[in-house]
Amino acid sequence: MSTADVLAIFGGALTTLLLSAAGIALGLPIGLGLALLRWARVPLAGRAAAVYVSLLRATPLVTLVLLLFFALPNVGIAVGPIAAGVLALTMNTSAFNCEVWRASLMDFPKEQIEAAKSVGMRRALRFRRIVMPQIVRTSLPGLINEMSLLIKVTPVLAVVGVVDITRAAVRIGAETYEPLPPFFVAIAIYVPIVFALVSLQRWIERRQAIPT
Amino acid sequence: MNMNDISDMSDMSQCRQVLSVSGLSKRFGSLQVLDGIGFSVARGETVCLLGPSGSGKSTLLRCINWLERPDSGHVLLDGRQIGVSSGGVVMNDRELALMRTRIGMVFQHFALWPHLSVLQNVVEAPLHVQRRPKGEVMAEAEALLRRVGLFDKRDVFPARLSGGQKQRVGIARALAMKPALLLFDEPTSALDPELVGEVLAVMRDLAREGMTMVVVTHEMAFAREAASRVIFIDRGVIVETGHPEAFFSAPSTERARQFLLRYAGAGLPNAAPVPTPP
Amino acid sequence: MINGFGIVWAERGLMLAGLANTLLLSVLAGICALLLGALLTPLLMHRAKPVARSVRVFVDAARCTPFLLFAYMVYYGLPSLGLRFDNWSAGLSALIVYHTAYMAEILRGAWAAQPRAPIEAGQAFGYHGLALFRRIVLPPLALASAPVVGNQLIQIIKDSAFLTIIALPELTHAASSIQSRHFVPFAAFITAVLLYWALCLVVEAGVSTVGRMAEARR
């Protein structure tokens, strides 16, 4: 494996990270929105959100990517591989994030909301100053866990031709007749990233366990 | 006379000794928890083990059925040694388990099997360990539950019971094995005060009916009333022993006297000891 | 778009065969991973540090590795070491080895949360060995770990879809193949998604049932 090969794999790694970051950045607020729709029991949208979440949590990412990449152009929406990839990642992670946010919202002590109401706080202010800061705190471990899971599934974007680590690895393997080393390099890039996130999650959980 | 080993103090003949403990020692790390303890229990006796926290009473109890393995000493049940087989070899799991079926135990934190209902808890070991016929075991279990006042809760799961109810089930469960000896490890220490009485009432009846019992407890009124003998243990050794009336009204050793003074209000549940000067 | 579903219906044999393969892979991998994981858990908690540490490294490494990379490695990479796998053996063994690590960690967590007193009571009442495990230790452990094991089974079902990349004829592969031959991507993949959803609902229903049993005893 030449330096060029290794660089090819690192190039793929960068693509992966950017795609994951996009998915994470979009998935967080969308997940929160879905969770709020369900928590506030908005009549139609809440139910729709529940169905969406249930469907997406059951759908393998590869199937979702293929669906978006092939089906959307068919109904007139042109998507390239990167757009399809980011859209699939976002839809997938927003569904899982929704459940994390929802768990924090459901565990949120009612008395605090009642206390805020009793001093005259209106809904938006209540949410911004009382609810939000605390659910961010309690959701953090779960959200970071979901980020590590997201990064672990991004290799599948090779399926739709987004140059990714795995695709580079397979290509190099086919060219050099030595398939194993590129995979080890690919794994050597993913494992530390995921491990860093998992360690971060554990550190946050430990810190939160200390009574403030 | 060595007060610590009173295994031949009883004036009852050997064949009526249900339990005989001699030379029992156990250390945890650098702490000598039991130091050469010995005593006997005759059939029908109710022996209460009293002493301050950390005196080794619970460890002693748990050494009787080898839930704790003593470093040295002998434990004999009806003349047969527990934990060590006749060849001097440590018993394997199967032999030890067999001996344990003859000793019943009631735990401080009840230790009921959470996946089984009340009735299932009581019949579980008689059916699956002793392999007694189902009809007989069921009938006895129902009778035992009636006796402890919990027949109408027989299909309830332990999580739905109060502490006092759980402990009464624990007693019924132990009795269902028809043990030669019943061990009680601080049976009321984990109970709310108002629930202690219902458990002690069951224990008092058992004592009166001639069950052979060894009870570790802080309930002084119960010990005074129901015990046929009390053994006072402090820091791993037997300090004093005797008839409860004699022990409570006129203890013969200074340590026993101090203990009873600290538990002033003895007889009240959860009486807090006054801290001793160093 | 709607007549796309008509075409999918015409090809339902292929789709159902894919579903059957997904089911077969998932059930086999789930059972094997659970059993092997159960064997690994005591090693994970072993007193001997080298044993516990090496199993811990395996578990952590598996949980930090993307499954697709792992499957690729087994299928494309191992032949260079002389181990030849066909896509079925590669896919199934990758699923099993990968998820054994997860199951071991799940069971370790569930075991650590179990109270010890009822088990000690079991010993005091004369239980030992297999009977102690089967009648006293296992039932509460199974009730407690059912939700997490159920979640892991859903993960296995979804990970099986990755195996389309090594040309294993499971559900996603069937949908892909129908799509590429008849150009009905929407109908084919939506059908696949709905079938995956149905599988997950079945697993969730099973977990709910066990959850109700656990709730009655909590």
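Chains: A, B and C, in written order; residue numbering restarts at 1 for each.
Keep this in mind: contacts are C-beta pairs under 8 Å (C-beta built on N, C-alpha and C of every residue); 3 or more make two chains touch, one makes a residue touch a chain.
This structure is a prediction, so every number in the text was calculated from the model and none was measured.
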{"item": "Chain labels contacting chain A and also chain C", "value": "none"}
{"item": "Chain closest to the assembly centre - both centres taken as Cα means", "value": "C"}
{"item": "Busiest interface, counted in C-beta pairs", "value": "A-C"}
{"item": "Distance between the centres, which are taken as Cα means, of chain C and chain A, whole angstrom", "value": "21"}
{"item": "CA centroid of chain B to CA centroid of chain C, Å", "value": "47"}
{"item": "Chain A and chain B: spacing of chain centres that average the CA atoms, whole Å", "value": "57"}
{"item": "Multi-partner residues of chain C (at least 2 other chains)", "value": "none"}
{"item": "Residue numbers on chain B that touch chain C, as the complex places them", "value": "65, 67, 93-94, 96-98, 100-101, 103, 105, 107, 109-115, 124-125, 128-130, 157-159, 173, 177"}
{"item": "Chain B-touching residues of chain C, taken from the complex the two chains share", "value": "117-118, 120-129, 131, 135-136, 139-140, 143, 216-218"}
{"item": "Chain A-touching residues of chain C, taken from the complex the two chains share", "value": "1, 60-61, 63-69, 72-73, 76-77, 79-81, 154, 157-162, 164-165, 171-172, 175-176, 179, 183, 185-186, 189-190, 192-193, 196-197, 199-201"}
{"item": "Sites on chain A touched by chain C in the complex", "value": "54-55, 57-64, 66-67, 70-71, 74-75, 148, 151-156, 158-159, 165-166, 169-170, 173, 178-180, 183, 186-187, 190-191, 194-195, 198"}
